[in-house]
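Each of the next two complexes has chain A plus one more chain, namely chain B in the first and chain C in the second.
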Partner chain A sequence: MLGQIIYAVPFLAQGFAVTLWVSLLVVVLSLIAGVLLGVGLVYGPAPLRWAVRIFSDTIRGIPILVLMFFVYYGLPAIGLHLPSFWAAVCALTLFKTAQVIEYLRGAVGSIPKGQSEAAMAIGLTFRQRLTYVIFPQAFRRFLPPWINGVTDAVKGSALVSLLGITDLMQAINQVIGRTYEAMPLYILGALIYFAVNYALSLASRRLERRFSFIRE
Partner chain B sequence: MSEAPNASPALLDMRDVSKAFGAVEVLRSVSLQVKRGEVVTVIGPSGSGKTTLLRCVNFLESYDSGSIRIDGKEVGFRETATRQRRSERDLAAMRAETGMVFQSFNLFPHLTAAGNIMLGLTKVRGKKEAEARSIAEHWLGRVGLAHKADSLPAELSGGQQQRVGIARAVAMEPKILLLDEITSALDPELVGEVLAVVRSLADDGMTMLMVTHEMAFARDASSRIVFMADGEVSAVGPPKEILAAETSNERLRTFLARFRASHF
Partner chain C sequence: MGYALNFNLIWRHFDKLWGGLLLSLELAVISIAVGVVIGLVLAVWYVSAGRVVRAVIAAYVEFIRNVPLILLVYLVFYGLPTVVDLAYSAPTSFVLTLSVYSGAYLVEVFRSGLDAVPRGQLDAGKAIGLTPWQRLLHVRLPAMLRITLPALSNTFISLFKDTSIASVISVPELTFGAQWINFNTFRIVEVYLVTTAMYLVTGYIMLFGLRLVERRFRAAR
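Right, the complex of A and B next:
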């Protein structure tokens, strides 16, 4: 069993790198898009709010797998051919963006209206109010669900294997295809995913404690 | 259009300001002038539009018609025929000229007392950190909280928080200070310390427009009292005149009688 694991390590390492790369792309892109659209949802003019609301509700109502197949197999019908890697990243990012929008709305919505008004009253512009008053306070509420979402993204990235991308999941399957020893490899794979996500949630707990200055 | 400063002798000049929330008219053609150095108090039953009036002055609320000028400059709208709302940047600059103190303090909980005061000084007034800090310390000293500069709002009593709120507003050197029922959320024993600060600012010549239920304070500190009822200015005059029990204004008489009954 140890021999199989040692044999598998180089394959898995490559797959693991792909898993981390996909996760990182999805997390960063969805954070940027989600925060921007979330601000649009909370503060934007009515048409923008509706558009974001419809986007978020629609995307969150579709299984990620369906979304991924839609982007990869469906979009070519309208002339949009994405390579499998980018189709997968795109689908996962869309899904994660919809979640980030909701985290942001919840976090910003929890800040009393008086905070914005006090910030307006001293003459801060919209951008300054967000930067110096709203976001620093909303951050603490945004963080726990968002880190949760990051671990979901790492786990969910295993779906990209279904588009034939050799991520950690696919690498495990390939090794099993050669050795016919499923059990040790799946255990190893599970441990790797767990290690990443456990590290993330530990980091999250430390961060939360650091930002616990705000009275509930 | 030219924006002549001091076109009107009044620092704050509200003319025929009307505002409705849906079908409810909260302000009906309200006109009110506040001269430099004057302390004007607005009283009236709840729902009479006092707070809305105050919030229109720094455009936390928009108004439907009429004009509000501070130092001759229209507050919320461009001075064109189309009554276009000012840009975000313009509005921010206008609001920096008025200070506001809130009923619920609204201190920034993630910043210290000094940090609350410094935020506007550094980001709006463009002052250096060290200068902002020394201005913050000066004003904290003025409100008797020099020793609390590095305390977070959560570590302060309500009265102390409100005094920081006042310091935050006046440190910006506003042309006019708006006080919105600033003692209503305080325990009775903490009201005095806050009113003492307001009193000392008045003595220094700060122009103020305040909404309050503290009639004794209104009587002692105001140059004039405005009585509002149903969105209208029902009576204006010196405190003695307005608060006289035998006023001929029936709505005012009812209000004062009710007020005396509930406050002995």
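Right, the complex of A and C next:
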């Protein structure tokens, strides 16, 4: 039993690398898209605000799995042919983007209006107000939930296995298909996911404490 | 070349989606009910227990919360029967998994709620001569429920969405129904539009109902 599992370790490691790669892509892409759309939601003109609000509330209201099947099977129907890897990354990114929009809205919303007004009064442009006044203060509010969300991205990446992508989850299932050692391999997989995510949540807790000295 | 929407086949097989939605709700309600019991018992135990019990409960919570649900679903359905002499159907297996999963999230919700009950209320309970048991039942738990209601609503709705994972072990709930129609009729865009609408409407009805409960109890304060 142990021999078969050790034999499978390089294969599992490849799957694990895919899991990390998917998670990293989703986290980075959703951070960029989410911050841009979040700024649009807070400061944009009314039509943009509604569009972002509808996007965010719709995406967050459906299961990631449904979103993933929708993107994967639905995009070819409208003429877009993405490889399954990118379809999966695209769906997970859409979902995460909606979350990042909400983190950003919450963080920016917690900054007192006076800060913005004071910055305006000393003649800062919109971009300067964001980079020098609002974002530095909103950052500590944004960071802890966002890092918590990173663990969600790692967990969510396990769903890409359903599109036939050989991530850690799929690698485990394939090794079980060969060896019939279901329980040890699932437990091993759980421990790997746990190690990554627990490390991330410890980091998030430490950061929260790091910023907790700032009072309102 | 455009894609012409045609919902006829969806309506012809709508029973797959409707029956699926009902099963999704059933899975969610049972799992949440069991999860609430697990969560309440462990949270109350946690705040009054010694170091060892606390460590065990914390280990359960942290383990479940840091592992993907889909892996737990596989583990319980395909893995567990190979080591224990148990036989259960896919829906039972999923309910078992989601209960243990929701329990871990709810322990956290309830525990932080118990911590947030003002110390003065407990002291007041002591001052009028309530036993520890009465203080828990009549002072701490009601106050805790009021504090945790908003967080509870969010957890419930996200657990309802998590029932879609049951489709991976062929439980015929809503997502499974959608996939069935997808593969058998190829009306892909239509079926996922309808499914999305069904999840959204159900989720928002739940949210609306839970908000009403929240308002009702906020007024009672």
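To be clear about the criterion, the second predicted complex is superposed on the first by the 213 of 216 C-alpha atoms of A that agree within 3 Å, B and C clash if a C-alpha of one lies under 4 Å from a C-alpha of the other, contacts with A are read in each partner's own complex, and residues count from 1 in each chain.
Methods note: contacts are C-beta pairs under 8 Å (C-beta built on N, C-alpha and C of every residue); 3 or more make two chains touch, one makes a residue touch a chain.
The structure displayed is predicted, hence computed values, not measured ones.
Enquirer: Can you tell me whether chain B or chain C touches more residues on chain A?
Expert: C
Enquirer: Output check: A:148 vs chain B and chain C. Expected answer is one of first, second, both, neither. What do you get?
Expert: Touch status of A:148: no partner.
Enquirer: Now for A:14: first (chain B), second (chain C), both, or neither, which partner does it touch?
Expert: Neither partner.
Enquirer: By the touch definition at the top of the document, which applies to A:62: first (chain B), second (chain C), both, or neither?
Expert: second
Enquirer: Looking at A:190 after the superposition, I want to know if it touches chain B, chain C, both of them or none. Which is it: first, second, both, neither?
Expert: So A:190 only meets chain C here.
Enquirer: So in the superposed three-chain picture, is A:179 touching just chain B, just chain C, both, or none of them (first/second/both/neither)?
Expert: Neither partner.
Enquirer: Indicate the residue numbers of chain A shared between its chain B interface and its chain C interface, in ascending order.
Expert: In the superposed arrangement, which is not itself an observed complex, chain A uses no residue for both chain B and chain C.
Enquirer: Which part of chain C faces chain A closely enough to touch in the complex?
Expert: On the chain C side, the touching residues are 1, 3, 62-63, 65-72, 74-75, 78-80, 82-83, 161-165, 167-168, 175, 178-179, 182, 188-189, 192, 195-196, 199-200, 203-204.
Enquirer: In their shared complex, at which residues does chain B touch chain A?
Expert: 58, 60, 88-89, 92-93, 95-100, 102, 104, 106-110, 119-120, 123-124, 152, 154, 168-169, 172
Enquirer: If you look only at chain A, which of its residues touch chain C in the complex?
Expert: Spelled out, the residues of chain A in touch with chain C are 58, 61-66, 69-70, 73-74, 77-79, 151, 154-159, 161-162, 169, 172-173, 176, 180, 182-183, 185-187, 189-190, 193-194, 197-198, 201.
Enquirer: Could you please specify the touching residues of chain A with respect to chain B in the complex?
Expert: 112, 114-115, 117-126, 128, 132-133, 136-137, 213-215
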